[in-house]
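For reference, chains read A, B, C, D and E in written order, and residue numbers begin at 1 within each chain.
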Amino acid sequence: MEFINSHLLSLITFVPLLGALLVLALPGTREDIIRWSALVITCIPLLLSLLLFAGFDRSFAGMQFIERYAWIRDFNINVFMGVDGLSMPMALLCSLICPICVLASWNIERGVKGYFFLFLLLEAGMLGVFTALDFFLFFVFWEVMLLPMYFLIGIWGGPRREYAALKFFLYTLIGSVMMLLVIIYFYLASTPHTFDMIELARTNSLFDYRMLCWFGLFIGFAIKVPIFPFHTWLPDAHVEAPTAISVILAGVLLKMGAYGILRINYTMLPDITMRMAAFMAALGVINIIYGALCAMAQKDLKKLVAYSSISHMGYVILGMASFTDEGLNGAIFQMFNHGIVTAMLFLLVGVIYDRAHHRDIDSFGGIASVMPNYAFVTFLAFFAALGLPGLNSFISEALVFLGAFQKYRILTAIAASGVIITAAYCLWTLQRVFLGKLNEKYSLLPDLTVRETVSLVPLCIIVVVLGVYPHPVLNLMKQTVSLLNRIITGAGI
Amino acid sequence: MEFGIKELIFIFVAAMTIVPCFFVAFSRNILHSAFALFFTFLGASGLYFFLDADFLALVQLIIYIGGVLVLLLFAILLTRNIDNIRKTNAMAKNRAIAAGAGVAVMFCILIYAFVISSRPFSHAENAAYPAVTIKALGSLLLTKYLLPFEAVSLLLLAVLIGSLVIAGRLEK
Amino acid sequence: MATMDNFTSLSSFTAEIFLAGFIILLLAASFFRKNRESGMGFAYAAGIFGIVGTLLFELQGWTADNNAVYLFYGMLRNDSLAHLFKLLCLLSSLLLLVFSLVSRETNRRFDNTAEYVLLILSATFGMMLMASSENLLMMYLSLEFLSLTSYMLTGFTDRDAKTSEAAVKYLLYGGIASGVMLYGLSLLYGITGALDYASMREFFAGHEVSGIILHISIIMVMAGMGFKIASFPFHSWCPDVYEGAMTPFTAFLSVGSKAAGFAIIIRFFSQIFGLETTTKLGHTFDWQTTIAVLSACSMTFGNLAALQQKNIKRLLAYSSIAHAGYILMAVACRSQLGVTSAFFYLSVYFLMNFGAFLVVIIISNELNSDMVSDYEGLVWKNRKGAFLAAMFAIYLFSLTGVPPFAGFIGKFYLLLSVLEKGRALYWLAGVAVLNTVISFYYYSRILRLMLLSRRLKGADLSEMQRGDYLPYSLMAGLAILTILFGIYWTPLYNFSRLAGMAMK
Amino acid sequence: MTMREFIEQYGFIIVLAPLLGAAINGFLGKYIQKRSGERAVGLIANASVFISFCVALAAFAAVWSAEEDAHTVVCYLFNWLNVGALRADVSLLFDPLSAVMVLVITGIGFLIHIYSTGYMKGDPGCYRFFAYLNLFIFAMLILVLGENMLLMFIGWEGVGLCSYLLISFWFTKQANAQAGNKAFIVNRIGDFGFILGMLVLYSLLRESVFTGGLAGVEAPSLLSFRFLEMNIHLLTNTELFGISAATLVCLCLFVGAAGKSAQIPLYVWLPDAMAGPTPVSALIHAATMVTAGIYMIGRLHFLFSMSAAALQVIAVIGAATALFAATIGCVQNDIKKVLAYSTVSQLGYMFLGMGVAAYSAGIFHLMTHAFFKACLFLGSGSVILGMRHEQDIRWMGGLKKYMPRTFATFLIATLALSGLPPFSGFFSKDEILWQAWKTGHHGLWLMGFISAGITAFYMTRLVILTFYGLNRLHLRPSQDLEHDHDNHDHGRHDVRESPASITAPLIILAFFSLVAGFIGIPAALGGGNRFEHFLVPVFGHHASAPHHDPMEYLLMFASVTVALAGIAAGVFFYRIRPELPDKIVSRIKTFHRIVYNKYYVDEIYGVIFVSGTKLLAKASAAFDRYVIDLLVDLAAYVLRVNSYLSGAFDRIVVDGLVNGAASSFLFSGEQLRRLQTGKIQAYVMLLLFLIVIGVSFAVIM
Amino acid sequence: MNIIGIESYLIIGLVLFLIGLFTAISRKNIIGIFMGIELILNSSALNFAAFSRFSARSLEGQLFSIFIIVIAAAEAAIALALLLSIYRRFGDIDADKLDSMKG
C-alpha cells in the first residue's frame, strides 16, 4: 500500500501504457476479451485517482504527490510528476471519462485490438500531460496524445475522416512545434539549464523575448482550447470521430489547452499574461457568442454540440483572464463541468446515431414519446449545458461572471447575453428532436440499453450533485488559484 | 620583363592549348572536337614542361592522350555508324546562350578575384624547387603519399571490374 | 598528436587493411568458382563476412580515450569522429548487403553478384577513407573512390532503361560537380600552399587572406560536397538516381554515402576553420551563414517538392534532401554540440530511413510497383499488411520528428544546438520548425492511403511464410530501436558526444 | 420548544416535502400509476404539499408571535459556495413578507393539487404532471425563502424550468412545445437582466467592502439580503457608466422582474402559456410564479427606494401594462386568454403599487389577486371540462342552469376582480390607487382608474357570454376542431356540473376572495389595516398619512362608480342589446382586428428578434465554414487533390479561392517539382547558376 | 610579372575550366559532355601543377595532378561502359532524350 501511495502518479500514468501493450499481446480474434480487459485497465487509473482525491491536502497550494526520477542526466531531463489544485480535477475528470468511453466504444467491429491499443495509449498521454512537471516530459506526453488521436479519428471515423484527422493533426502540430521552440529557448536561458517547470517559474524574470515566447505558447494552447481563429478543426474532428473518441476529444483534450495556458503561460510569464489579459478576455467573449451563434445554425446534431463546446470553453477563457479568485475558480470548475456535460451530450448523440444512423436534427421529431428515459437524460444534459441553476454548469458560469465583471464590465455583460442564445439553440434543438408530432419512421426506436444507462447515470448524478454541493471539486483548487492570482497580480504591478 | 625565345614558345604553347578548346566547344562534328581535344592535351603537356614538371608532362601525354582520348574515340566509333557523323554534335540553342552568359560572368568575377588577391599566390619564395623532378616525385610518392598510391590502385581495380561487368553485357 | 610514419601507422589501420585484403581475396575466389547459379548465396555471405570482419577490427582498434593520432604522415586522422562515422558506414553497407538479399531485384535472377559485392566492399573502403582523411588529396581521392563505385553500382543491372539512364546522369553530374570542387581545391592549395588541414589551419591563423578568393573556392568546394550529401543547390541528380537505382542501393545512397559526405564536410570545416575558436579568419570569412542558407534552402525545397510525389522512392529522395538540410543546420552551428547533434541525427536517420526502405522493398517485392497509390488499404489486407503498415507508420512518424520516436530527439538536439548560438540563427530554427509541419503533410499522405482509407485497391498481399523471417525481424529490430532511442537515448548521445569532442 | 426553534431546526421540511413528492412521482410514478392508479399519484402529491402548508402555518405563527425586533427566523442548512469574496449559504429566511408568500403558495398550491386530481383524470401522463407540479412548488418556495440572491436565482430559474415543462406538458402538439420554448426564452431574457443586476451589485459591494483586498477576513455573504439591508448605504454615491449605481441595479433587476411577471416588453409569453393544462395556468400563471417579480422588488425594497428614477420607471410601466393588457382583454374570445390578459393587467397594478413605494399595498393586492384569479382560472377549467375542452366563449352561453356552483364562485371572483366594496379586490386595488394619488402620481392614478373600469367591463362580458343567454355550442364551425377526441355526439349533449373535487376548491377560493379584503381595511374605513401592520417590520413605517383625508373617500367612491359603470356597460352590450357589439366591431373593423391580434406584438418580435438571431446565426456559421476555414487550413489542398473527397460545391468555391494558405504551399511545391526536368544538363545549369549567385554574393559582401 | 608567371597559368587554367563547363552544359551528345568534364579536370591538374611550382614550391601539387589524371582515366573507363549500355538501351546518346524520370 505504501508503494502505491509513494508512486501514485506514475502508476496512474503508466498503467494504461502497460495495459496498451497487454492489449497488443492479446489474440486479435477474441474481441470480447479485448473489450473487457480494456475496461478493467481504464478502471484502475480511476480507482487510483480516487485514492489521489482522498489523499489530496486541500489546504496546501503547491505540488503534492511529487515523484522525480532521473531520465537523461546530461540534459537535466527527469521524469518529474506532481499534482496541485489545478491538475488534480483534470486528472480526475480524465480518469473518470475514459472507462465511460470504453463502454461507449463497445460496438466497434473493425480492428478492435488496434482501437483499444490506441485508446489506452491516448489515455496514458492525457494523464501524463496533466501530471507532468518537467517541460520536456510535458511536451512528449502532449505529442504522444496526438498520435493515437490521429488514427482513432482517421481509421474508425465517418465518411470525411481522413480530411478531419489530417486537419486535427496539422493544427495541433503547428501549435506544438512553436511550443518546442519556446521550451528549448527556456532551457537555454535558465542559468543551470533545466526543464523543471517550477524552477523555470521561479527564475522566469531573466528570460527576454517574453512577448514572443508568450505568443508561441499561447497559440499552441489556443489551437487546443480552441480559441476563435483556430477553432475550425473542432467541428470536422467531432463530426467524423466515432462517438467514444469525440467524447474524449471534447471531454478532456480541449481542457489541455486551457490547462497549458494556466500551468505555463501564467506561471512562467506572469507580467505578459497580465498585459494580455484584456486580449484573452475579448477572445473568450468572441468564443462564447460566436460559438453559440454557429451552433444555432447547424443541421448536424454532433456539429451543434461541437460548436457548443467552443462556446462553453469561451467561459473558461473569460474566467481565466479575470485574475480574480471567483473568476479563476469558476474557469477551472467550468473545465471540469464542461468535461462532464459534453461527454454526456456526445454519448447521447451516439445513442441516437446508433439507432437512426443519421444526425440530421430536422428529420427527427417527437422522440420523447418513444424513448422517455433517453428524453429525460438528454433534457438534463441540455439544461446543464445552458447553465440551468441547480446544475453544475450554472455555478461555474456564475463564478466566471462574478469574477470577470470586476475587471471587464462591458465584455462580461456581452458574455452574459450569450446565456440567452445558448438557451435558444438548446431548446430549439430539444423541440425539433424530442417534442412535436412523432415521426412515424422512429416509432419503434428502442430506449436506452443497460450499457448506455450505466455509462450515462454516473454523469447525471455528478451533474446534479455538483450543482447542489460543489465543494468536493471547488475545495481542491481554491488554494492553488489564490496562489496563482497572487503571482500574476504581484508580477503585474 | 624580358621577352626571349622561351617566352615566345610559351605563348605558342599556351595558344595551342586554348584555341583548340573553343573548337571542342563549338565544332559540329564530334570527331573534329575529339581531335581538337588532342591538341589541347598536347598543349597542356607543353605547359607542364615550362613548369619544370617533366614527369607530369609525360604522364599527361601517355594517360590523357593515350588512354582517355583513345577511350573517347572508341566511344564515338562504337556508338555512331560512320555515315551520319556530321550532325552528331548539335548544340541546344537556348541552353548554350544561358551557359555562355553564366560562364562569362564567372570569368569576369574570377579574373577580378585573381587580380585582387594575386599577392597570396606568390609568397613561398624560399623553398628550393628541384630541377629534375622524377626522383623527388618517386621518393615523395612512396614515403609521404604511399596511402593515396595504394588507395588509387584499389580504386582502379574496382573500376576495372565494374566497367567490365557493365560493358560485358554487350554480347548477350 | 603523434604523426606516425607509414609502418607504425599500419598498426592502427588494421580494419582497412583487412577489408582491402578481403576484396582481393574475394576477387581471386570468384575466378575459380565456375558454376554461376549458386554464386549468389556465396557472394553475399562472403560480403557480409568481410564487412563484419572489418567491423570487428574497427571496434577492436578503437581506444576510447579518443586521442587523435595522425597516420601516414598526416594523411588520416584516426579520432573518435572517424571511428564513429566508419561504424555508421560499415553498418550501412552491411544493411545494403542484407537488403540486396531480401529484394527481388538483386537476389534471384541477378547473375554477377560476386562483382556486385566486390563493388560494395570497395565503396565501403572508400567511405572509411573519407571518414578520416585530413588531406585535400586524400579527401578528393576517397570522395572519387565512393563516387565512382556508386556510379557503377547504380548502373549495375540492366533491369530497365531507368537504371542506365540514372547511372549516366549520376556520372555526368558527379563528374562536373567534383570537377568544380577540384578547381576550388586547387585555388585553396594556391592560397595556403599546403595540402593537409593542419598546415592550412596554421596558414589561416597566421596570414590575413582576402575574403573573395577564399569565398569562391569554398563555394566551389561546397559544390562537390553538396553533391555527395544531396543538399539543395547540388541535389538535382538525387530524385532520378534514387528512382532509377535498385532500391537497396538507393537506401545505401540515402544513408551511407550521405553520412560519409557529412564526415568530410564536418572535418573539412572544423579542422581548417576551427569550431569554437574564433580565429582571426573567423570574422572575415563567415562560412557559417553560407551553410545556414544552404540548409534552409534544402530543407524547404526538399519538403515542398515532396508534397505531390507519386513515386515512393522519389518522395523519399526529396525527404532525404530535406533531412540533409536539417543536418546541415547542425554543421552551420559551428559548435561541438552541433557536431554531436549532427552525428546523433545521422545515426537516428540511419535507423528510420533503412527501415522505411526495407518496407518499400518488401512491398515492391509483392506488388512490384513503387507508386504511392498502390499502398492503398494495406493495413486491411492481411496480418502481414497490418505489420508492414504499422512499421511504416513508426518510421514515417519518426521521420516527421514526433516525440515518442527517435526522430524527434534528433530534431530536438538540432534545434538545441541552433538556438544555443543566440540571435544569429533563430530564423533557421523557425524555418526548420515550419518544415517539420510541411513534411508531415506528405508523410501523412502515405499514412492516409495505407491506414485510413478502406478501399482495397491493388493486388492482395501473400501471407507471411515461414521462410522469410529475416526482413521482418530486421524491420522490427529497427522499429524497436527507433522507439527505444526515442525514450532513452543516453547511450547514443554519449557516443555522439565523443564525435563532437574530437573536433576542436 | 418554541415555534421559532422548531422552524430553525425543521424549517427545511417545507422545501423538502415537495421535492420528495416530485422525486417519487418523477421516478416511480409510472409504476405507481400502473399498479394503483392515478389516485395514489395524486395522493402523494397532495400530501407533500399539505405537509409544507402546515409548516408554512407554523412559520407564519412563529413570525407573527415574535417580539418586537426578532421578526426574522433563519433556518441554516449548509454552506453552498465559499470562493474568494463570494460566500453563499443554502438557508431559508422566514420573515413576515416570506411568510405571507409561503402561505399563498402552499395554500393555493394545495387547493390546485386537489383540483388537478379531478381535472387530470384519465390523462396517461398524470404522474409526470404531478411530479412537475411538486417540483414547481419546491422551486417557488426556494425563490421565496432564499436567504441570498443566488439562492433566489436558483428558485427563479427553477420555476422558469417548471413552467416550460408544464406549458409543453402535452408536447405531442407542436404549438404547445413552441409556447413552452417561448416562455423559457423570454424568461431567460429576463434572467439575463437579473444576472446583470446581481453582477453590478456584487462587484460594487466587493470593491467598497474589501477595499483592502480579501486578506483572509471571514468573508461576509455579500449577496445575502440581511447583509444588503445593513450595508446598502455603501452604494449611495457610487457611479457606473454615468448612472447612479442603485438605479442601474434596480433597472436591471426590474428587467428580470418584467421577464418573470410579464410586464410590457416581455409579457408576450403569458398568453401563449395558456397552452398548458388549466391548473397550471391557475397556479403558475396567475397566483405564484408571475408574482415573483413583485416579491423580488418587495424583498429588495431598501435598494429600490434608494433610486427614485427606477421606482418612477416601474410605476409607469406598471400602469401602462395595466391599461394596455386591459384593452386587449376586451376583444379576446378564448376564456383563458381573457383571464391571461387580465392577469397581466392586474400585475401591472401591483407594479404600479410597488412603483409608488406602496410595497405593502402591492403585496396585499398580490395576495387577494392570487385568490380570485386562481378561482377564476379553476372556474374556467371546470367550464372547459363541462364543454368538452371547448375554450371559445362565442360558442358557450347558458351554463348558469347547468353549472350553478361554478357560476356562483365565478361570479364572486369576477366581482372581487372588478373591485366592488365588500370583496377583497376593492380594498387592495383601491389602496394602490389611493397611494398612487397620495404620492402625487395623478397621471398614473388616472390610467389605473380607467383600466379598473375596463377590467369590470370585460369580466362582465366574459360572465355574460359564458353563463347567460342560450347555449351556442351548435353554432360552432366544425373546421376549427383541431383536437380529435369525443366530438362524436354533435347534437345537444348534457352539460353537467363538475364533480366535487373540482368545485370544492372553487368554493374555498371564492370564500377567501370574499374574506381576504377584511384583513387590509384601510384606516379611512375604520379598519386597523392589520395586513400593513403585519408587514411593518419588513417595509418599515409609512409616513403616516393624516387620518380621514377627505380625498381618500372621494377616490374610493370614484373607483366604485367606475366599476359599476363597467359592469353596466358590459350588461348593456351583451345582455340587453347582444347584436350591438357585432355592429360596433363591423364599423371599427381595422382597429378591432389590430387589438384582437394583440397589436401584432408577437409578429413584430418574431421578425426582429427570432428570425434576426437565426439570420445572424446562419451568417456566422457560413463565415466560419468558408472564410476562416480557407484562410487557415489545408482544405484547399486536400480537396483539390482528392477529388472523390470533395463535394461539387466545395470544389467550385475552393477552386475559386486558390489563394488559401495551404494552396500556396502546394503551388510552390508544384513549381519546384517542375524545376526537375529530368534533363541532366538542366541540372548542371542549375548548378552553374547557383555557383554564379554564390560567387557574386561573395564579391558583393 | 614575367610571361611564364603564375598569372598566365591562372588565366589558362580559368579559360580551360570555363570552356569545359560551357561544353558540358551546352553539348547535346553525352560524349561531348565527357569532353567537357575532361577539360575541367585537366584545368585543375594544370592549376595544381602551376601552384606547386610558383606558390607552394613543393612537389605535392604535381603529385596531386598525377592522381587527378589517373582518376580522370578511371572515370573515362566507366563513362565508356555506361555510354555503351545507354546506346544499347536507347539507340542514341542524346542527353536531352534521357528525361524519362522527371517531376
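We adopt the following convention: contacts are C-beta pairs under 8 Å (C-beta built on N, C-alpha and C of every residue); 3 or more make two chains touch, one makes a residue touch a chain.
These numbers were taken from a predicted model, which means no experiment stands behind them.
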**Study point:** Where chain B and chain E overlap in contact partners, by chain label
**Key:** C, D
Exercise for review: Quick one: how many steps at least from chain A to chain D, stepping chain to touching chain?
Suggested key: 1
Revision key, fill the gap. Of all chains shown, smallest offset between own Cα centre and global Cα centre goes to A
Check your understanding: Higher C-beta contact count, B-D or B-C?
Key -> B-C
**Study point:** Interchain centroid distance [CA atoms averaged], chain C/chain E, Å
**Key:** 27
**Study point:** Where chain D and chain E are represented by their mean Cα positions, the distance between them in whole Å
**Key:** 97
Check your understanding: Taking each chain's centre as its mean C-alpha position, how far apart are chain A and chain C in Å?
Key -> 44
Practice item. Express in whole angstrom the distance between the two chain centres, defined as the mean CA positions of chain C and chain D. Key: 78
**Study point:** Multi-partner residues of chain B (at least 2 other chains)
**Key:** 92, 95, 99, 102-103, 106, 109-110, 112-114, 120-121, 123-124, 145, 148, 152, 155, 159, 162-164, 166, 169
**Study point:** Multi-partner residues of chain A (each touching 2 or more other chains)
**Key:** 162, 166, 170
Check your understanding: Going by the touch rule set out above, which residues of chain D reach two or more other chains?
Key -> 634, 673, 676, 678, 680-682, 684-685, 688, 691, 695, 699
Study note, to complete from the structure: All chain pairs satisfying the touch rule are A-C, A-D, B-C, B-D, B-E, C-D, C-E, D-E
Study note, to complete from the structure: The chain D residues in contact with chain A across the complex are 78-86, 150, 153-154, 156-158, 161, 164, 168, 171-174, 176-178, 180-181, 184-185, 188-189, 191-192, 195-196, 198-200, 202-203, 206-207, 214, 240-241, 613-614, 616-618, 620-622, 624, 628-629, 632-635, 638-639, 642, 645
Exercise for review: Sort out for me which residues of chain A touch chain C in the complex.
Suggested key: 71-74, 111, 114, 139-140, 142-144, 146-147, 151, 154-155, 161-162, 165-166, 169-170, 173-174, 177-178, 180-181, 184-185, 187-188
**Study point:** Residues of chain B defined as touching chain D within the complex
**Key:** 92, 95, 98-99, 102-103, 105-106, 109-110, 112-113
Point to revise | Of chain E, residues touching chain D in the complex | key: 21, 24-27, 33, 95-96, 98-103
Check your understanding: Which chain B residues qualify as touching chain E in the complex?
Key -> 1-3, 6-7, 10-11, 14, 17-18, 21-22, 24-25, 30, 33-34, 37, 40-41, 44, 47-48, 50-53, 55-56, 59-60, 63-64, 67-68, 71-72, 74-76, 78-79, 88-92, 95-96, 99-100, 102-103, 106-107, 110-111, 114, 118, 120-130, 133, 136-137, 140-141, 145, 148, 152, 155-156, 159-160, 162-164, 166-167, 169-170
